[in-house]
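The structure is given below, and queries will be raised subsequently.
We call the chains A, B, C and D, going by the order they appear; numbering starts again at 1 in every chain.
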Amino acid sequence: MIELILGKYNYWVYITLMMIGFYAMIEKENLIKKIIGMNIFQTAVFLFYISIAKVKGGTAPILWEKEGIPYDNPIPHVLILTAIVVSVSTTAVALALIIRIFKEYGTIEEDKILIMSEVSGKQDSTENSKFLSSTSLLQKGE
Amino acid sequence: MIDLMLLLFLVVCAIAAVSMKDLLSTTIILGVYSLIMTVVWTRLNAVDVAFTEASVGAGITTVLIIAALSRTKREEEGQEYGMWSKLLNPQDLKLTDKQSPLLWLTSLFIVLITGAVLIYGTIDMPDFGDPDAPANIHLAKRFIEESYEETGVPNFVTAILASYRGYDTLGETTVIFTAGISLILLLRRKSYICDTTIKEKEMKEHIVIRTISRILIPFVQLYALYVIAHGELSPGGGFQGGVIFGSSIILYVIAFGLEEGRKVRIFREMGDLLNSTGVLIYAGIGVLCLLAGGAYLEYDKLPLGSEKMASSLGIYGIEIGVGITVAAVMITIFFITARHER
Amino acid sequence: MEIIQSAQPLYTVAVSLLAIILIGLSGNKDPNLRESWTILAAIIKFFMVVSMIPQILDSKVIEYSLITLLPGLEIKFRVDALALTFATTASFLWIITSFYSIGYMRTLKEHAQTRYFMCFAGAMAGAIGVAFSANLFTLFLFYETITFCTFPLVAHSEKPDAIKGARKYIVYLLGTSLAFQLFAIFLTYNVAGTLEFSNQGILAGKASNALLTVIFILFIAGVGKAAMMPLHAWLPAAMVAPGPVSALLHAVAVVKVGVFTVVKVILHVFGIDLLSQLGLGTCLAYFASFTIIVASVIALRQDNLKACLAYSTISQLSYIVLGVALLAPSGITGSILHITMHAFAKITLFFTAGTIYLVTHKTRISELAGIGKQMPFTMSAFAVASLSMIGIPPLGGFLSKWFLAIGSIEAKQIPIIIVLATSSILNASYFLPIVHAAFFKEPHYAKHQSPKPKQNMLEAPALVLIPLMITAIGTLVLFLWPSLFLDLARIVVAGVTGEN
Amino acid sequence: MTLTESLPILVIIIPLISAIIIPLIGRIDKSIAFAFVISANFLSFIISISLLNTVMETGRISYWLGGWEPPWGIEYVVDYLSGFVLVIVSFIAFIISVYAKKSVEMEVEGEKILPFYSIYMLLVTGFMGMIITGDIFNLYVFIEISALAGYALIAIGKKRAALIASYNYLVLGTIGATFILLGIGYLYMATGTLNMADLRERLPMLYDSKVVLTAFAFITVGLSLKLALFPFHIWLPNVYNHAPSVVSALMAATSAKVIAYVLVRIMFSVFTMKFDLEVVPVTKILLFLSVIAIIAGSVLAIAQTNIKRMLAYSSIGQIGYIVLGIAISNQLSMTGSLIHLLNHALMKGTLFLVVGAVVYKTGMEDISSLKGMGKKMPFTMAAFTIGALSMIGVPLTVGFVSKWYLALGALKAGMWFLVFIILVSSLLNAVYFWRVIEGIYFHQKPKVRSQKSTTKDSIESLKPEIQNQDDAPVGMLIPTLILAGLCIVFGIAAFIPVSVVTPIVNMLLEV
């Protein structure tokens, strides 16, 4: 058991972080809060990747003169470099949307926006109530 | 031990960021979270990633969110009822569907299930740091052993990033480009009325900032170029360098304000032009490789001296392309999001 | 059995399709040209059908495969005796109906006549297509063609009640065919590996009895056009259509296609051996009997003339189903004859109903008193057709009923004879009062309306009148010279029973 | 390397470079940019066809990016499956780009047209990249390219609700993409490789590893989110509803197809049939979900008053069809699924283009706005009718072909009730499409009479309605009619697509 914990704690921390972010993404009403959650969520996944790359006693994956020292695995680093960029791009677009939404609706709280949409067009209301039933099924796909 | 503490810090920051009401504080905490993450990654020897996270996660993301906050709202509203009161006496509250305790429970349930599945997955995982884990022996081995020979780049990360998986990086640059164009599409207005006068007045008083900026900016820019150029040898590369360069321009704008609309227009035109130019350089180098008879992005085949030389120059080329696009997009994004419209 | 490969069936179907285009092109600008296309196509089609008769009587079969969409899905035509019986009737009546339509539509100055004639031609293409189909897919294809082409005809007036009726119409027809018939086709293909019609049936020995029963039930339920109870409600609802459309619907295009499909399924998909072995034929026969009696009883209670005729149709269609379901040679002969006999009689009745509306704008049976004096020709035709429906010699209706009765004896189903007799009595009891009232009663309004309307002849225009006279005479002719249809029926029977 | 050998990369690079160049050359003249979009799409369509052709003749093409041998470098793979989907997507993208000019000019503000086209091309690039790649991380990158492009394109819809739709799509899409990324990480951890072919070799011995199971679960859930498979469909109706017509059309016709393709890739090319059937009951879960999707999508579609929204819900049902065939996973049903990728693209493409034309002409997108359009826009409405009949599944249209294979596949697998589901759903389709068709052709406007009762008007209103024919501009009409025509052509000559699909199915099922 101890071994299991020692061997895996790094992974579990990332899972915890990820769940915190995930929770914020689906539960928070504030649109910016969701984005903050999204950032935590994604960074957690990046942490997981970086954890894969770690080799005991390894050094940074840059060629050294000295032979015989194990290097850490460079591949996840590469992948995460790309993923970080994707993440920041998504954040930028999301923030742009939020700015526009604020301009149009005057608020960045999702529930208020939904109420406003209900007044202006009833179609959104059906979505709103359906959200519950559908999110509850969100995990069944697994 | 320090690693464990750092990880604990991460969790604390994450919880704090999610639960605080003041969005500005939240953003700052998110920045702190990113910085700690940077430290964690440095300790995990992922220097390139840490570099990027420091400039992007802690830097750009924070700046962007603050810019967005300045154009929206600072406080998170609603949810004046705590979760427990929601759960215990929901009938007292006037709640919309979205606020119902059932929904909160559902979200929690989803999150917990996902987490449980993930933890279930970890049972069969190789232990942390296991050098014989499949991830570390299959592809990685060859990269570590041969990439210097094959590409002439001592930084394995750069070698893979720019050469073996250079196409992913083109995709990455395209993503940035897409984000830049998306923001132009979403936020740009034709009329450019900038309330620069106010800014200038405010900034005039900050003589210290101005002076420091004036001294600092050239060095920052120089450093950016260095990072781009030295991506092969040390951590860093086009992306990080581009971010730094972009930051220097942003710093300039913050410190000095935008004196005239004309300058804005110049920046804007330049930004648009450079957005495309950067990606075009990257994609174009690929096409040149095609024309030279190689595969796409096969730098060796470029007619630039020896294979190693060609490969090296090709990698420089794309790094520059990445740098230009990143810097240009950053500037564009900053101008678009930070501009106040009255 | 000799098979001739010839594209003639295709051309016969295509004539109407070509007509659609030509009618559409002529449009409203030149009604005469437009109508001449209709007539021309009808006549050409009829002669093309007739030209195939000698070969078929010679016990040959004409086949033509147009295209194979996918393995198992082939558009293929086959003309055999059964197909030709139906096609001859339908194409002949199309000519008549075309003339009648022109007269009717022009007299009433109806709108959207171009659409009307286009859809009309489309429905005919569908009917002939169903008749000539060589497999279930082709049949289904043309079956649906008819459904879609007749919808605009039913909804022609575009008034709310017409739309409502048409909606009911499409719900029943499209619904049953998509839900049940298509299901049955899927199952058939899955079981038999082919959809091709065959004299011996294609399902024998291919699946368990339970599955076969399910397929059979799905097929019967899936052919909504046969208007078997409880899937009959669309037919009275479709009465909102203009007169000629009702005539076409009831005599040729729609309902006959329905029963024809049932006949095809019984004879060529299941085969009489398989069905008698499963005992499904008898079940169906009694099921049909139920419809015959109940529909007749409902018809008795109708005051709207067209609704009364509609229920009469429902009842008569089940005769055809009944005859085939008996699985006896004479029963099959009777069914096949009844397709034609009923077509002529019923089209006459609908023509007269349409003509009465055209001239007097009356739709109710109770208003018809004394109308025989105003419209002697029309009402005479009505009387003749009614008698044929009841089954009184020397009219066509008698012949088919006769064969049906013999069939039920052959099948040793004596109760069926009682059903036939009862229904004939019921037929008589709703038709004869109309005829009696028309000729021998004074009009009601004469009593309290002060200016007594003139009892002059009020007959319809010739273009309307002549067609209905022709069909009325047709019922008589069919009794006197039924040999063509009898021969065709005999070939069919010989084919499916394996005797030669 | 010759030009022919470079085709797999050109099919991506041409739209990509055009996306980059459009903002530059568009400054000179907007019409050049438009011509550029069309020609780039056309080129990549032609290349796709020639790729498919080559694959049919010589088999799988593998292109090594950067000249690095896989699994060390990134590999592009064109086999029957990716060739087929490439052709579908590039064709639809081409047709819609021809159509786009007028519609975009109306629905997008002037100065935003250039970025719009640029992002349109990026979306196409993203889709094409997802299809052709043989590297699982590269797949993620292209998923994100298409996703980002999609968010922006949706958000510029005219109504403000478009922003919310886009935002929600962004959040859910990011969750989906991150799940996929996570799954990829797990796979990499278990195998040490990112190349799909390499994964396929290395995975079988790890099938009972919990890491692999989790990876599979997360990738599938992530893809289902993007695919809008029930219950992950919530984002889709708003997106299709509020996006500009051209974007709705492109997304409806291609986006789900591409994701479905990726799902097939993961399920059958990276993992194997054995895994799907024996190790994880994934096919059963998908079967269950797809059945609900089919029914729920159709039922919800009936309740809609907005035509785009109705089509969106209908798409949810149709996505169910595609997944259903995959879930039954025998030869016939897979054929049905794959051919439905093409068929649904054609049908939905037609319908959305028609709606776009109606929006262009009337500015309205309510179902009631189509009333009486049969006379005003006869050709456009004819296309709508064809599309609708296809959706119902009338013989001689493409819809029937899909249904035929799916139903036979279900019967072969002994799952009778699925045939029932398929038929019930086509009945439901008939209900909501027939309602529209009826409105189009059989509608009189009684309003005129009641509002103005002057004698002149009443006389005029009694006359048969002769509206002036005012059909969509040719540039919009022709693409619509081409798609509608193909609905019939491939409905009749169904053996052509089937002959392409059959080797794919054999390849996937290893028959």
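Remarks
As a working rule, a contact is a pair of C-beta atoms (placed from the backbone, for glycine too) under 8 Å apart; a residue touches a chain by one contact, two chains touch by 3 or more.
Only a predicted model underlies this, so the values are computations on that prediction, with no experimental measurement involved.
Of the two chain pairs considered here, B-D and A-D, the higher C-beta contact count falls to B-D. Measuring from the averaged C-alpha position of chain A to that of chain C gives a distance of 67 Å. Centre-to-centre separation between chain B and chain D, using Cα means, comes to 31 Å. Mean C-alpha position of chain A lies 27 Å from that of chain D. With centres taken as mean Cα positions, chain B sits 14 Å from chain A.
Shown for chain A are the residues in touch with two or more other chains, namely 22, 26, 52, 75-76, 79, 82, 86, 89-90, 93, 97-98, 100, 131, 135, 138-139, 142. Residues of chain B in contact with at least two other chains: 117-118, 122-123, 125, 133, 135-136, 139-140, 143, 165, 168, 171-172, 175, 178-179, 182, 186.
For chain C, the set of residues touching two or more other chains is empty. If touching chains are joined by edges, the resulting network of the protein chains shown has some other shape, matching none of path, cycle, star or complete graph. Under the contact rule defined at the top, the touching pairs of chains are A-B, A-D, B-D, C-D. By the touch criterion given at the top, residues 137, 140-141, 144, 147-148, 151-152, 155, 160-161, 163-164, 166-167, 170-171, 174-175, 178, 181-182, 185, 188-189, 194, 217-218, 220-221, 224, 229-234, 237-238, 241, 285, 289, 304, 306, 309 of chain D touch chain A in their complex. Chain B contributes residues 4, 7, 10-11, 14-15, 17-18, 23, 26-27, 30, 33-34, 37, 40-41, 44-49, 52-53, 56-57, 60-61, 64-65, 67-69, 71-73, 76-79, 96-100, 102-104, 106-115, 117-119, 122-123, 125, 127-131, 133, 135-136, 139-140, 143-144, 148, 154-157, 159-161, 165, 168-169, 171-172, 175-176, 178-179, 182-183, 186-187, 233-235, 239, 333, 336-337 to its touches with chain A in the complex. Listed in rising order, the residues of chain D touching chain B in the complex are 1, 6, 9, 13, 16-17, 20-21, 23-24, 63-68, 71-74, 111-112, 115-116, 118-119, 122, 125, 129, 137-138, 141-142, 144-145, 148-149, 151-152, 155-156, 182, 186, 188-194, 202, 209-211, 213-215, 217-218.
Taken together, the chain D residues at the contact with chain C in this complex read 389, 392-396, 401, 404, 407-408, 411-412, 419-420, 423-424, 426-427, 430, 434, 438, 441-444, 464, 491-495, 498. Within the complex formed with chain B, the residues of chain A that make contact are 3-4, 6-13, 15-24, 26-30, 32-33, 35-37, 39-40, 43, 46-47, 50-63, 70-82, 84-86, 88-93, 95-100, 102, 107-112, 114-115, 128-129, 131-132, 135-136, 138-139, 142.
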